[in-house]
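Residue numbering begins at 1 within each chain, and the chains themselves are lettered A, B, C and D in the order written.
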């Protein structure tokens, strides 16, 4: 099913930008990070695709590969199928184009990712921390994040029972 | 006032007050005694009503209510009062100190002054003012001054919201309240509370509420706008606790806070007494004329009992409305006033006028029409009881299956 | 004009219906359970047998497999085992549960092959000091239970009212109060020392 | 006005001199938990309302990376404390599909029964709390009384009243007896007339209707664009239900409708639609429960699963229709006994993001109705 979507997408964007994988449970399409916004617009408004529902946006940190992978879960009411898009950005200076203008729902997901993983989304209307306080240092969902033992002079952990 | 004091003096000492030598001192003493008695009544009524309201609300919500302090929790209100008196009297940092301290007294005096003109039975009224009804409306409006002062001086945005809403509400609802009493005043020809009651009869169809369809409409309008004046749900906008935290009294604590709820519950009596004296026949005892009533002390006490019972029923209905209805929005509140209540009142005033001309009070036709109106009211009550029965039996068997107990648990049975 | 009067009529009718419902509740039984002093029947009978209250350990049937310790997602169980080298007997020397951490999920009791650790119906174990909520079930070393063919410890009757845990908690509280009275300054210093060590 | 407040606002804020900033929450009676709104108002009219979330952020996604697969189940209860069963369900669905575990059919039926009971309980709280926000306190207490019956049943099924941890990877933790089945039937017999009684008490009350109808209208286009899910989306007239569209568990064996908003008392997508869709959904849940109870097969309640679960490198997205809409979990495994990454997508999170747009031009009292009708649960937003 997703392979059909893939063929439509390849017709428009060419094979260089997109790769199709089905080694996981949900087959996914690997996208070039520069083209993510155009691709999303195409997927949302193309009459053959109509992926109008934005389910979720997740970021996964891979320190060994030195990259952060963004996973977009889209849903089309017309085809009653889910489509997974993946795109990777470098870990050092993660920057990606925002898709807030395509789905408003993505706005808060991107803010959350900025907050917890430190991915900077360009052209976002309000790129600020969402869940954590403004004075928080670091991005907790990164694999190399170390929890500080004190936050504002408060201990953050309790010992194991002695 | 003077006459009443004189009557009491004659009753006690068998001589008129003027001949006793110290007449001014006696008058002042009587003023203080009567004021003290009224204050005692109002404060205790507010307390006990707060307890009863909590118990009734609990039963409506299938709870039990306060039942720990004293037998069946009857001293709960005393405990609450003492607790609030012992609490620290906090004043916010940047509050207007003077206004913040003074505001509760305005609320307090505005309400308790209204008790002066309220009757309790035949001849039992602190001052039978010839502008009684007018006086009560004028003086209860003082409450809103206190509320605005309290809300503004608290230096809290929630309190300010409450104060502004209260101002809008009182300004709007003074008008339908006053207009809806005009038919009564036309029928009586007097503003005195005693005269209004004397113009009615003891039997239900001699009450003003059943005089004509127009007075019935006016009764409903008066009831609704009295609710609004008393800040009861559905018009408790000034202290809407789910919107404005606690409205105008957000920042108050201790004794100063105590004054606000006390005034609210005392106001309940004012509302209910006004409704029952203007439209529900007041202290009129059925089958007893006013001449015989004035002669016997027992009958006078009976008249007090009748008045208290009628007022209590109205108080109960006001309470039940509070625990049934949601709150209106602030624009809907003014809309209701100006597009529904005021036009209805105006039509009802004209209608009553014409009705009075066509069917004068004493004629047989007027009596027949009053009986018909009473019949409609009775049918309404009958239908109401039917609906209550329907609701009760709706889930009776399923409840018995589920809980293995009978759902029957009458209101007089205490947990 | 009709919508105007319709609105009045529907409002009055809906208020009438609502009032009829609330009035009917004046004649219905309250559903409150007047906890704790006016209960119709004891609370233990009102809770179901599966109720997941405070954990209790029956140390006499513990086989020392440590599964509960491993499955606990928040590490609130601590077990120590010792072995006598001469007789090759194994002892349970420590079985502590930190109730203040426990989230009553039931993962530990579910995996216990002898039902040594199980949830009781006891739930109101509030104290003034968090440290008192660490319940120590082993006072002196206990020989570990071994499976026998004739009896299955899973079918035995469990003490669901939590007598052991209650006793342990009371005992610990008394002990704490005694030591606190005697060794007030010492306690403070030791706490300080621990903090220094951590830092 | 302190600097810390100002920096949250957008430049167009405070354009008029008459405006003031109202700090609504975190301690406010009707913010349903710990929420904060920065409200710019002109008198009673709101010009801008900015939600400020994160007060209940506990880092559950980070916790998942440090806990074993089975050990994370109790944590999922804490995501949405009013409907814990759904978070349980979606998590075990994700793990099962990764580990390729077949769940016995009886366990699937038990899951559906528990979920539907939980859905009723959650909707009772949300509709009751909306009435409470509007100012009527009695309906809320009546619903709490009914919810107490459900809690008793839940306690009999799994031993807890709020944080169930009922589901296990490969099945459920406890079986249900015939007595519990009878209890659920008795409860349904009692509960179904109570729904009508509740409607008479509050749903059709004209004051209540006027407070909700035509207030905070969310058009279908906006609803999809902002990613609303569940009853909020269906209140805007879109037939979207994961139970029907991506059937999971045994939901394809039941016959039920998806109630959608039709502008019952006002226009499509207003607060009343969102409210009334929930009431209708309670009825649908009752019918699903009756069907499920009559069809429970016999058999095991748990598949055989290794005690220490290790899952080879893979990833999947599982979603269920929770009481607050589609709840999804994206689970990445890396061959160890712990999830590599877990992303939890919840309904309240997206519902909260629409508040800023819809609240413009409402009154302060309407904002409370809007939050109540969106049925947000604070820990679900923050996780």
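In the analysis below, a residue touches a chain if its C-beta (ideal position, glycine included) is under 8 Å from a C-beta of that chain, and two chains touch if they have at least 3 such contacts.
Please read all numbers here as calculations on a predicted model, not as lab measurements.
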item: Distance-maximising chain from chain C - centres being C-alpha averages; value: B
item: Of C-D and B-D, pair with higher C-beta contact tally; value: B-D
item: Chain B and chain D: spacing of chain centres that average the CA atoms, whole Å; value: 44
item: Separation of mean Cα positions, chain D and chain C [Å, integer]; value: 28
item: Geometric centre distance via CA averages, chain C-chain A, whole Å; value: 41
item: Centre distance in Å when chain A and chain D are each reduced to the mean of their C-alpha atoms; value: 24
item: Residue numbers of chain C (touch at least two other chains); value: 15, 17-18, 20-22, 31
item: Per-residue overlap in chain D, given as positions that touch at least 2 other chains; value: 138, 145, 197, 200-202, 205, 207
item: Touching residues on chain D, where the partner in the complex is chain A; value: 10, 53-54, 57, 59, 61-62, 97-98, 222, 224-227, 240, 245-246, 314-317, 319, 326, 328, 330, 332, 340-341, 343, 345, 349-350, 352-354, 357, 382-383
item: Touch list for chain B against partner chain C, complex; value: 56, 58-64, 320-321, 323-325, 340, 384, 387-392, 403, 405-411, 415
item: Sites on chain C touched by chain D in the complex; value: 7, 10-11, 14-15, 17-18, 20-22, 31, 47-48, 50-52, 67, 71-73, 103-107, 110-111, 119
item: Footprint of chain C on chain D - complex, ascending; value: 67-68, 70-75, 77, 138, 145, 148, 152, 155-160, 163, 165, 173-174, 197, 200-202, 204-207, 307
item: Residues of chain A that touch chain D when the two form their complex; value: 24-26, 52-56, 58, 60-61, 71, 73, 77, 80, 82, 84, 103-108, 116, 126, 129-133, 140-141
